[in-house]
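There are two complexes below, and they share chain A, which is joined by chain B in the first and by chain C in the second.
Moving on, here comes the complex of A and B:
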């Protein structure tokens, strides 16, 4: 068994305005021990008139899809996700967590969702940016893939910093359902694409990312020992 | 290719079930730059220890018990730790988008640092509601195949700039499972997964030339030890 210290930035994309619904990377080289996804930016909750997001309430974080399983993607019919999201806020003691996404009552959802921010009114570029970082171990093997996330968001506005509305820590796990017949085969395929978006408002209208939101993927390390083909087909 | 500061030091593939693995001689291996020069990965030269892994416990237990997933450095004594966690043991079932709080576990002068309450077995009771499918290569894959099981992803990290720091580790793991059929999952979901985030260290001597990860249950998986160095000592291969 051989390992190599092989580290590359495999792709990066950034918004140049506040009209993009998502950032997307495809054709990612999965011949690495670990893929690291890093998003930094913000959701433009004011929406420029395109959303009906109300002020002075909690809003969900970014939407996350991968392996081409999104509307219009090469594996659109496989968009059967499992999502577990966690957050730590100043107005709660320990962490809180939930399954699924806010806009769907089912635990099998068409996308994943991580993060939570308190939206006051307007958007404050200096205080609403956040970072989200995820790892996928063995992104090119023959098993179901999962991304482990962590991140943090700052207080949404100066007036709320240090108060009960501040939100600090986020975490979670995202994956395609590996039992659902529509998604199982894709769940076992390489983690070769990702789309991180601003999510949707309660009416189903896509929200937009703020300007200079950025998504980057890094490949970290290489090993000769990767399960491929139909290894481990039994139990 | 040039030189850079990260090294993938070790990969431990666990294809046959075991209850313990050990990264050994961590500080005696060498980084090699693009002209063949070597730098030993001592505490001083390579102070960051980053472990990423995916693991699957071969049990139906929906919570392993705190000491049934653990790790420690050279010393299996005087370890302190604390972590916030949730599992199908503390939140027996969860409804989508219904927030619940986490619990906390901690220990003092323990034999190891623990995270078992934030873990679960992958042979859970509601596993395998699906049927055999063909993968993209055309192989038939049974519903209960290891290829389709739920995996825990983990991240342990330590920055060791000197040997005086007793509490250098922080860690996070998580697993979300495939419970309930599609379109029938609005009801509470059993065996939904598990998660924890924590920190700890060892006051007996914070030496981590060896790092052992173990469990009271057998497991399979892939474990990687990365090192972050304080200079560009490693060729990008």
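Moving on, here comes the complex of A and C:
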């Protein structure tokens, strides 16, 4: 095995307003031992009046899709994900977790989801920004990839809400479904694209990200053993 | 979402931001050093750091001949002006036999527990976004762990994060370390620039 030191910032994209539904990176070089994704920003739950998110309610965090498996993407037919998300609410020492996403509990889902935020009211830029990191090991091989996520929660705007309605942390893992017969073989393609979105309201209307929300991908390390080709046709 | 088809749910609106794939170096070491009790990582808003949007810091945090205690930090703008009043954060830790704790600090320092004892390992990794921005809110996320040999009751993991409601660049970070009798060999840090501009 050959190991080389090879660390790059591969790409970064940032919103310039609050009207983007998602941030997307495609054509990511997968010739790395690890891809690290970093999202920082916020979900504009207020939606500028376009969504029906009610004030003073818990809301889901960002939506996640990758490997071109989204509507209109090159692997749209493989858009069947598995999702496991965890959160720690500040009013309890317990960690909570759920399978699937809010709209698809314990099932193959059309997207993944990480995070949980208490939406107070308005566009509370001051306290709703967060940082989220994801790690994908061996992004270029022909096996099913998963991304492990860790991030911080947020504290709602007012002090009294801060104690009971914040999360100290989120964690989760996301993957394209490789076991369900409905999954296409294309699910094994390289981890060369990712889309982080603001999710949807209860009526299915896409929400938007706040201004200066950013998605970055780092490539970290290289080893000759990682690259095993991506020809899945013979297996 | 009852009654909403997957296709409808996937019908997203326009993208205002486009991808930028322009590989650059992952970053560089901006500064590193050691601390002694209470210490400050200063001079962060430097020419070197201004090449990056974000910052990553690896801490080791222990006390000499003192059992575990809490530690924490707050951000400062130029002139070592505290911005702790603009910090909103949450924390959590869990121990092997010492239970778990959680909480929030709104308008105050970021709280972390525990720091380590002597040379037993304790590390904490911190990622801070928009460090040098003069127009944007900052947010951070960190996690770490601690063990100390046979004293299993102090084995813990920890994590947390928050936001800094200030458009002033972060120029220094003040670290308060428990009882403050740490030897410099037990407290250290390395600062990396991340997300090149």
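Methods note: the second predicted complex is superposed on the first by the 218 of 235 C-alpha atoms of A that agree within 3 Å, B and C clash if a C-alpha of one lies under 4 Å from a C-alpha of the other, contacts with A are read in each partner's own complex, and residues count from 1 in each chain.
The rule is short, and it goes like this: a residue touches a chain if its C-beta (ideal position, glycine included) is under 8 Å from a C-beta of that chain, and two chains touch if they have at least 3 such contacts.
The model shown is predicted, which means the values in this text are computed figures rather than measured ones.
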Which term applies to chain B and chain C once both are placed on chain A by superposition, clash or fit?
-> clash
In the superposed arrangement, which partner chain does A:144 touch: chain B (first), chain C (second), both, or neither?
-> first
Now for A:83: first (chain B), second (chain C), both, or neither, which partner does it touch?
-> first
Give one of first, second, both or neither to describe whether A:152 is in contact with chain B, with chain C, with both, or with none.
-> second
Looking at the overlay, what does A:177 touch: chain B (first), chain C (second), both, or neither?
-> first
Touching A:204, do we find chain B (first), chain C (second), both, or neither?
-> second
Report for A:121: first if it touches chain B alone, second if chain C alone, otherwise both or neither.
-> neither
Please indicate which partner A:52 is in contact with in the superposed arrangement: first for chain B, second for chain C, both, or neither.
-> neither
Is A:10 contacted by the first partner chain B, the second partner chain C, both or neither?
-> second
Which holds for A:19: it touches chain B only (first), chain C only (second), both, or neither?
-> second
Of the listed chain C stretches (99-107, 117-125 or 171-179), the one clashing with chain B is 117-125
Chain A residues where the chain B and chain C footprints coincide 7-8, 92-93, 102, 150, 220
Chain C partner, complex, touching residues on chain A are 7-17, 19-29, 38, 40, 70-72, 79, 88, 90, 92-93, 102-103, 110-111, 125-133, 150-155, 159, 162-163, 166-169, 197, 200, 202-204, 206, 208, 212, 214, 216, 218-220
Residues of chain C that touch chain A when the two form their complex = 1, 4, 6-27, 53-54, 88-92, 94, 99-104, 106-107, 127-130, 135-143, 159-163, 165, 194-196
For the complex, which residues does chain B have touching chain A?
-> 4, 6-11, 13, 15, 31, 52-54, 84, 86, 94-104, 128-131, 133-137, 139-151, 153-155, 172-180, 182-183, 185-186, 189, 192-193, 195, 197, 222, 224, 226, 234-237
Which positions of chain A touch chain B when the two form their complex?
-> 1, 3-8, 33-34, 80, 82-84, 86, 92-102, 104-109, 135-138, 142-144, 146-148, 150, 171-175, 177-182, 184-189, 220-223, 225, 227, 229-235
